[in-house]
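What follows is a set of structures for review.
Two complexes come next, and they have one chain in common, subunit A, joined by subunit B in the first and subunit C in the second.
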Partner chain A sequence: MEGLFSQVAALGSSGVLLCGLILLWRRGVGAYITAFTWQSAVLAALTAAVGYFGADRQLYVVAVLLFLIKAVAIPRLLRRVAQRFTAGREPAAYVNTGTSLVVSGLLVLLAYAAARPLEAISDMPTRAGMPLAMGLLFVSLFVIISRRMAITQVIGFLMLENAIALLAVLATYGVPLIVEVGVFLDVLMGFLVMQIFLYDIHDTFSTTDVDVLKRLKH
Partner chain B sequence: MFDMAGIVVEVAQALLALALAPALVGFIRWMKARLQNRRGAPIWQPYAELRKLFRKDMVVSRHASWIFRVAPYVILGSTIVVSLLVPVLVTPLPFNAVADLFAVVYLLLLGTVFLALAGLDPGSAFGGMGSSREMTVAAISEPAIALAILSLALAAGSTNLGEIAARTIARPSSALSPGHILAFVALFIVMLAETGRLPVDNPATHLELTMIHEAMILEYSGPYLAMVEWASWLKLFVFLTLAGNLFVPWGLATSLTPAALAIAFAATVAKLVVLAAAVAVLETRVAKLRLFRVPELLAVSFVLGLLAVASSFSLR
Partner chain C sequence: MADTLILAGLLAPWAVAAACAAALRHRQRLAARVTAAGSVVSLGAAMWLWANALGGRAATAGPGALFRVDGLSALVGVCVAAVAGLAMLPWPGTGQGDADPGRTRFFRIFASLFTLSMLVAVTINNVALMWVAIEATTIVSAVLIPLHRSKASVEASWKYILIGSVGIALAFAGTVLAYFDFVSLLGRRHDALNWTLLMEVAPALHADVLRLAFVFLLVGYGTKAGLAPMHTWLPDAHSEAPAPLSAMMSGVLLAVAQYAIIRWKAVVDAASGPAFTNQVLMALGLVSIAVGALSLVRQRSYKRLLAYSSVEHSGLICLGLTFGPAGVFASLLHLVNHAVAKSMSFLLAGRILARYRSADVGAVTGLVRTMPVTGPLFATGIIALMGLPPFGMFVSEFLLFRAGFAAGQIAATSAAMLLAGIGFIGLAGHLARMLHGARPDGVAAGEREWWPLAPLAVSLVVMVALGLFLPSGIAQLLGQVAEAFTP
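Up next is the complex of A and B:
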């Protein structure tokens, strides 16, 4: 049982990380949103699995909320934003695809090194997934700094949030429900604020390419 | 273990691979045709192609040197040797001592190198282009395969293919570990590149400017062409068997009893059918990548392999 639990945890976390890596390889905001949706769905499933194996009922509620907010609501909003002002393809990132893949590989290795002490002190069956969650954290930060479109950066931010949620679930079987609900609300509000910003940026500069935002208009 | 029966089974299994490879390709083509709403050629069509080619005369360019004549034998020979080393039906085999991960990877590379040389040899511009592309792809895909299998080797504590399969049978839970899954995805991507399947190369046509495999073998005809084609089919068979029997080794016979062998045969065929169907579905779904994006796809595979190794290493 213990063995199966740790396998499922490791498997789920690698699924979540894989969805994050798709972002670096695919092009086009639509594909990014799909990747994010899948990532959130896998994360929700993993949360439910941790709830089952860890015998924690609250995690089921968290999983359902997570699915509804991150795999249904936010992707829908994102698609609406994307439809409104992306002419299909994203301009090339600051770092080309091959390099960014290798960089993200190195970042995950770094995460393995960084998570070593964390793994050493933990005796939870889920500890094998922790480096992967940390790797996703680094990779999403890398996505945020290396992409040029504001909307992609927003998706990177959402993935960062997923990574933190994943780490919380793996390291502590989830924080108390009330905190979790607060976090969801924060994410949703944060996203809505960013959406308003995106609209504003687009209205002022008629693009969301952050390269153009170097000088002030008005 | 080095008894007669083992060697007989060993050779029989290589012959089986050689015999089944055209059927595998035929199956993929048929499945693709069905998915695209065509009736499709029967599964045994590749056998008919081979028979036709072996009966035909050969035309060899006046400028071709001995390399052009030797290459088909080296390509087919090296692939047959690989099929002797890969666990198709039985896992501890007489040749297991040399069935090393690195031996398999570099024997496959030997065939690739000779194919590229043969493409260059007659001095046709098209063949040369194919060779240069093939080398570009091979240079990145070879380390990716090695990494993918290395992560399995790390988990099993041995680079021996038979040993890896045996360890996974002994510890079923390890087949779900992140290292295994990432390595499987990595190997699958490399397999598509190495065997000239769709996102990298189009196996269905001779007429695309960006083709790789077909460009190299453009100068071949008759029996030589048959040998080169057969070798490339066998390579696909070997890769799918590797993917099936290293990652999901259940059903492999661990003894030489007829019942175990029959089960192993059925299991291997079932795995091959599933994987071939996956290839056919994928080939129907995706379009060919631009050549410049191929290294990026292989970089994905390389990074996945790297992550697989990292996670196998940390979980050890």
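Up next is the complex of A and C:
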């Protein structure tokens, strides 16, 4: 049973990380949104699985909330934004695809190094996935700083949130439910405000390429 | 029971104010009165909590003592309630007077929610819910930055919400790591993230995991505290936001982020000793002082001047935390002084902007003769921020540097003094240019409506009082907190 549990955990977290890596080699906001949707769905399934194996019913609630908010509601809103004002393909990133993949590989290696003290003290069957969660965290940060479209930065931010949720569920079987609810509320509110700002940027600058946001200097 | 009532008195007025402003769409005058009355009640409750903490007792309320107010909470709580009360008065820049009641209403709703989330952040005992409250401050304050839509304000709001949210997400990763350490040791408990419980078990936690967690927490909350190199959103957001919001963000939001850093530093120090946290805080503090001070010299906008001065002072507060009990004492005093002087300066900057219609230092000349009340008050605020006597910042900077030398940090303290000197010159040069010279054409002279400035007399009194003598009520509280938060 425990062997199966750790396999499911490792497989699920690899799936979550892989969905994140799609952002690096695909070009096009539609593909990013699909990747994010799948990532959230896998994360929700993994959360439910941890709830089943770890015998924690609260995690089922978290999994359902996660699925509804991050795999249904937010992707739908994102698609509406994307249809409104993107021509599909995004302008070239600050870093090209090849370099991005190499950098991300290095970041995942770094995550393995950083997560070593964590794995050492844990005896949970899910611990093998922790470096992958850290890896996704670093890769999401890289996506946010290396992309030019505001909407891609938002997707990067949402993936960063997923990375932290993954870390929480693997390392601790989830933070207490009251905290989880607060976090979901913040994620949703934060996303809605970001969405408003996306429209603001588009209305004011007629583009969502953040390269134009260079007025304010010193 | 009394504690519960007082805590309700601290928090509820802001929820009521937001609800009133939202519900009374066409009766904003009434909503303004409710807000003003509420802010007085809230400040009164905060003062009561301060007096209560002086007795060495922490007030608690809610199920499982969810809310807990000790000396540190009371200190920051009073600052938040006072600055928010001041900022909610009718200042230019929030739609008051420019025939746009919708804008006034919008500002009042979100500024009240902003204050509420800051007060919740400093009174809640659970460090993860503290994170939720601090993240909420980002969201509700970000929507107010483009209150007057322009290219610059849209850009500033985007930078603020993106950098702020990403930074604060990292702080949550740090919180999760600390919780993970707790769970590995004691198993899953719903109260595991209570700060009081964390402090109890901290000596048994793994030092290396907590150190990793602290790096995440410091980057996260440091972003909100405006520490360099994560400060890049701050000059834009503080300069583009409506003046009363800038006053709150600069005066007390930075203090709330520092509060979170102080809480976590105590936990990590209890587990692994203060050497590690002191090193990283000192490095970030010095970089922030350097970035803030050097940027002051070449600013062209007086609102950005005030913003970079916040980076500098945030760095000083951070640096002081590493100098032992005397340093923590000085840092907290500096935090109070900064809240008072910076909020006043930003509110006045809003009035200057409304009159001159330009945020350029070069466009504002002859300020003393053009605005005979606002001008001298603004000069007073800047002089206080430069750290000159007889104002409070002179005392707190002096105490801070003395604590640094006493702690044997000669090099770091000397560097900080030198950089503070550069910042001083930068501010002084710009101020001199603004005060004197001829009044530009098209700018009306004289100030008939000076009475809205009357509440700033309170700020002025506090600034001078803290510079001339340290009231025992303040000294005693700061002493207690400094004692409790240094291992």
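Here, the second predicted complex is superposed on the first by the 215 of 218 C-alpha atoms of A that agree within 3 Å, B and C clash if a C-alpha of one lies under 4 Å from a C-alpha of the other, contacts with A are read in each partner's own complex, and residues count from 1 in each chain.
Here is the rule we go by: a contact is a pair of C-beta atoms (placed from the backbone, for glycine too) under 8 Å apart; a residue touches a chain by one contact, two chains touch by 3 or more.
Just so we're clear, the structure is a prediction, and the values are computed from it rather than from any experiment.
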item: Fit or clash between subunit C and subunit B when superposed on subunit A; value: fit
item: Touching partner for A:Val175 - first (subunit B), second (subunit C), both, neither; value: second
item: Partner chain in contact with A:Ser122 - subunit B first, subunit C second, else both or neither; value: second
item: Touched partner set for A:Tyr32, first subunit B, second subunit C, both or neither; value: neither
item: Spatial angle subunit C-subunit A-subunit B, Cα centroids [nearest 10 degrees]; value: 150
item: Which superposed partner A:Phe67 touches (first subunit B, second subunit C, both, neither); value: neither
item: First (subunit B), second (subunit C), both or neither touched by A:Glu161; value: second
item: Which superposed partner A:Phe197 touches (first subunit B, second subunit C, both, neither); value: second
item: Winner by number of subunit A residues touched, once subunit B and subunit C are compared; value: C
item: Which of subunit B and subunit C A:Phe53 touches, first, second, both or neither; value: neither
item: Touching partner for A:Phe138 - first (subunit B), second (subunit C), both, neither; value: neither
item: Per-pair minimum CA distance [subunit C against subunit B, superposed on A] in Å; value: 18
item: Touching both subunit B and subunit C, residues of subunit A; value: none
item: Subunit B-facing residues of subunit A, complex; value: 3-4, 7-8, 10-11, 13-15, 17-18, 21, 25, 97-98, 101-102, 104-105, 108-109, 112, 116, 119, 128-129, 131-132, 135
item: In the complex, subunit C residues that touch subunit A; value: 126, 128-129, 132, 135-136, 138-139, 142-143, 146, 149-152, 154-159, 161-162, 165-166, 169, 172-173, 175-177, 179-181, 183-184, 188, 190, 192-193, 206, 208-209, 212, 235-236, 239-240, 295, 298-300, 304
item: Subunit C-facing residues of subunit A, complex; value: 114, 117-118, 121-124, 137, 141, 144, 150, 153-154, 157, 160-161, 163-164, 167-168, 171-173, 175-176, 178-179, 182-183, 185-186, 189-190, 193-194, 196-197, 200-201, 204-205, 210, 213, 215-216, 218
item: Subunit B residues within the subunit A interface of the complex; value: 173, 176-178, 181-182, 185, 293, 295-297, 299-300, 302-304, 306-307, 310-311, 314-315
